[in-house]
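Got a structure here, written out as C-alpha cells. Questions coming.
Here the chain labels run A, B, C and D in written order, and each chain numbers its own residues starting at 1.
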Amino acid sequence: MRCVILSSAILLIAFMPQKKKIVIFFGDSITQQGAEPGGYIARVDSMYKLENRSGQFEFAGSGISGDKVYDLYLRMDDDVLAKKPDIVVIYIGTNDASHKFSADTDTDADKFEKFYTAILQKLKVKNINIILCTPAVIGEKTDLTNQQDGNMNRYAGIVRNLAQKNDLPLVDLRQKFLDYNKHFNTKNKESGILTRDGVHLNATGNQVVAEEMWKAIKSL
Amino acid sequence: MRCVILSSAILLIAFMPQKKKIVIFFGDSITQQGAEPGGYIARVDSMYKLENRSGQFEFAGSGISGDKVYDLYLRMDDDVLAKKPDIVVIYIGTNDASHKFSADTDTDADKFEKFYTAILQKLKVKNINIILCTPAVIGEKTDLTNQQDGNMNRYAGIVRNLAQKNDLPLVDLRQKFLDYNKHFNTKNKESGILTRDGVHLNATGNQVVAEEMWKAIKSL
Amino acid sequence: MRCVILSSAILLIAFMPQKKKIVIFFGDSITQQGAEPGGYIARVDSMYKLENRSGQFEFAGSGISGDKVYDLYLRMDDDVLAKKPDIVVIYIGTNDASHKFSADTDTDADKFEKFYTAILQKLKVKNINIILCTPAVIGEKTDLTNQQDGNMNRYAGIVRNLAQKNDLPLVDLRQKFLDYNKHFNTKNKESGILTRDGVHLNATGNQVVAEEMWKAIKSL
Amino acid sequence: MRCVILSSAILLIAFMPQKKKIVIFFGDSITQQGAEPGGYIARVDSMYKLENRSGQFEFAGSGISGDKVYDLYLRMDDDVLAKKPDIVVIYIGTNDASHKFSADTDTDADKFEKFYTAILQKLKVKNINIILCTPAVIGEKTDLTNQQDGNMNRYAGIVRNLAQKNDLPLVDLRQKFLDYNKHFNTKNKESGILTRDGVHLNATGNQVVAEEMWKAIKSL
C-alpha cells in the first residue's frame, strides 16, 4: 500500500502547475525601451518561448529614463521588492557615468559603489537571485575618443568588482559591445552599430543584449 | 684684386656675431612651470649649451595658467609676434579638453581646431617656424579609466591632423607619455610617473618633454 | 492607605531622572563643522545649558562633507534611526544646488524633492519630530550676482513648500542670511559676513544659525 | 561769380545720393533669428522705413548660433570689419553665462571682459560707432529662481561697466526684460512673455528689442 500512495504523490507533483519565476529587469531608459516591442526584454521572452520552457519564467521591465543608481535604490521597494521577484537583473550606470561632471570624481565613483552595494544587500536579504550588467557604451567609436570612455571603463570596472566580491553572475555588456564594435565598426562610427544614438539600442543591440541576458538567466 | 675683396667679405661674415634664433614656447600652466628652474624649457637650454651651440638659440616661455587655445589667439600679438620669434612651439589643449563639459561636444572640438588654425595662419604669414605638440595626459592610469582619456585622444587627434595638413613638425607628447606609462607605470597609478598631479610635469616629465622638444627644434 | 501610595508614586515620578530628548542635526559639511568647538551645535548646547534646562536635551551632529539629499537617505537608518532620536533637524541642499550642472534641471529639482520626501516619510513613521532648514548661501554678495543664487532660491523654495505641505517647523536660514547680509554686507563682499568662504560658517554665522536652531527646538 | 559757383556746390551736395550708414548686429542665435522675417532686425528696418529716413541706413545681421564673445573676436575681421560698417551693435553674453560650468568662475568672467575689450579696441581703431547690449534673460521667472540669474546679472554688469568705461551707448536689455516681466509675467512663468523658450525671442520680445535698438541707433 505504501508504495501506491507514494506513486500518487509523485503524480500529483508532476501535474501541479509550476510557479513561474518572476524576472525583473531593473534600470534606466535602455531598459524602459527594452520592454517595448522589439526591445531586449521582448526578445528574451521570444527566445524563452522558442525553447519550450513555457510556464517557467515571467519577464517584466522596470526601467525609468534618466535613472542613476540612487534612483533605483529609492524606488526598489515599490518597483521591485513589492513584486516578489525571483531574479533581478540590474542594468545601470550609463547616466551615472555621463552626468558625472564634478571635479571630485573619486567621491562620485565611491557613491556609485555605495548605492549599488546597498541595493545588493536589500535583494540578498530576500534571497533574490541577482544578475549584474556593466553599462555598455556612450559612443561606439573604436579609437578611444568617445568622450566618456574613461568614465565608462571606471564604472564598468566597479560593477565587475561588485560581481566578483559578491560572487554574482555578470553580463559584461561593455566588453561585449567593445568586442563587437572592434569587429564590425570598421569605420569608427559614433553610433549605428549596436545603438541608434551612441547609447540606446538599435535592433541589433537589443538582440545582442537579449542573447547575453537569456544565457545568464538560464544559467542560474 | 677681386679675389682679395672676396676673402675679406668671407672673413667679415665669419666674425660677425651670429643672430640668435628666438624660440618661444607658447602654452598654459605646464609651459609656465616649464620656464621655472628644473622646468622643461630650462632643461632644453641646458641641453643646447652642452652641445656647444652657444649663440645659436634663445629660449623663452610664454605660458599662462588656465589658458585654452582661444586665450593664445587673443594674446599672440603681444606675447609672441611682438617678440619676433624664429620658432614657436605650441603646446596647448589640456584645459580645452578638461573643461569641455558642454553637451554639444562636436562644436567645441570644432572651435578648438578653428582657433588653432587661426593661430597657425598668423604665424605662417610672418614666416615663423612652427612646432606642434599634442596635449599629454590628464591622469596617468594605463587601464583606460582616466576620466578625460576620450577627450584627450580626440584633442590630440586634432593636433596630429593639423600638423599633417599643414606639413608641420609634431612633438607627439600624448603618444610619448602613453608609451612611457605602459612601460613604467606598472601599478596603474593616477600620477607620479611623469606628472606630480596627473597633469603638471615632475622632474622626469620635464626631462622627457625637454628631450622631445630639443630633438624637434634641432631638426628644423 | 491608598492616598499614601499615590503620593509616593508622585514623588517617585518627580525624582525619576527625566529621559533626555535626543536631537540629531543631519546634514553636510556645514553640520560636520557645526559639531566642532565653536560650531553651531556646540553653541546650541551652550545656550541650552545657560537656560537651566540641563537633563532635557542631548545634541548630536551627523554631518558628512559633500552629502546631498540622497546620501542622507542612504545613511539615515544607520546614522539617525538607529540612535532613536526624538528630534531630527535636516539641514541639506547646498551641495545639491551647487553641483547641479545638468541641462535638464527640472528633473534634478524633482529628485531633490522626491528624496527629501522619502526621508520625511521614514521619520514620520517613527513619530520623530522634524525641523526643516533651507540651505543658506553660496556666496554672500547682495547684488544678485552669486552664480548659484537662482539654484539656491529654487532649492530653498522646495524646502519651504515641503515644510508647509507637511505642516513642519521651518528654520529659513536662506531668508535669515539674505536679510543679515542686506544690513551688514554693505560692500557686497563674496564672503566674510556669515561665512568664511561663501558657504561654510564663520563664528558669526555659527552663532546666527545656533540661535535660529535653538529657537525652533524650544518651540516644538 | 564766386557766389554763383558756391551755390552750385551747395546744390550739388543736396542732390548727391547720400551714402547709407551700414549697421551690423553682431551676436549669437538671438541675432541670427533676429534677421529672419519678424525678427528684431527686420522690425528695426520696418520702423526706420516708416520714419521716411530711407537711404539713411542699411541693416545686416551677423549672428551665429552658439557664439560666445571669443567666437565674435575670431570672426570679426571677416564678418564685420570687411563689410566696413558705420555702426556695430554687439549683443553677446547669453552663451558665455550659461555654459560657464568651470569652478574657477572669476577667471571666466575675466576672460569675457578681456575678449569684449579686444573687440571694442578693434572697432575703435577703425572709428566705427559701437552700441553695447546686455544679455537679456535665461528664464523669465520673476522670483529669482532662474538657474542662471546670478551669472546673467554678473555678465550684464560687466557689459554695463564696459559701456561706462568706454563712454559708449548701452541698450540694457536685461534691465528692460526684468522690468517688463515684473509687470506682465504675473504668474512667474519660465517663458512665453518675451521669449519662446526662456532665451530666444517671441514676437513681443523681438518688438521690444527692436524698439530699444532703433532708439539707440537714432541717438548716435
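Everything that follows uses one rule, which is that contacts are C-beta pairs under 8 Å (C-beta built on N, C-alpha and C of every residue); 3 or more make two chains touch, one makes a residue touch a chain.
Predicted model only: the values in this text are computed from it and were never measured.
Undergrad: Looking at C-alpha means, what's the farthest chain from subunit C?
TA: B
Undergrad: Taking the mean of the CA coordinates per chain, how far is subunit A from subunit C in Å?
TA: Each chain's C-alpha centroid was found; their separation is 39 Å.
Undergrad: Averaging over Cα atoms per chain, report the distance between subunit C and subunit D in Å.
TA: Subunit C and subunit D have C-alpha centres separated by 46 Å.
Undergrad: Quick one: report the Å distance separating subunit B from subunit C, using the average Cα coordinate of each chain.
TA: Comparing mean C-alpha positions, subunit C is 52 Å from subunit B.
Undergrad: Can you tell me which residues of subunit C touch two or more of the remaining chains?
TA: Residue numbers touching two or more other chains: 101.
Undergrad: Would you mind giving me the full set of chain pairs in touch?
TA: Pairs flagged as touching, ordered by label: A-B, A-C, B-D, C-D.
Undergrad: Going by the contact rule set out above, which residues of subunit B touch subunit A in the complex?
TA: Residues 100-101, 105, 139, 143-151, 153-154, 157 of subunit B touch subunit A in their complex.
Undergrad: In their complex, what parts of subunit C are in touch with subunit A?
TA: Its residues touching subunit A are 66, 70-71, 73-74, 99, 101-102, 104, 107, 111, 114-115, 118.
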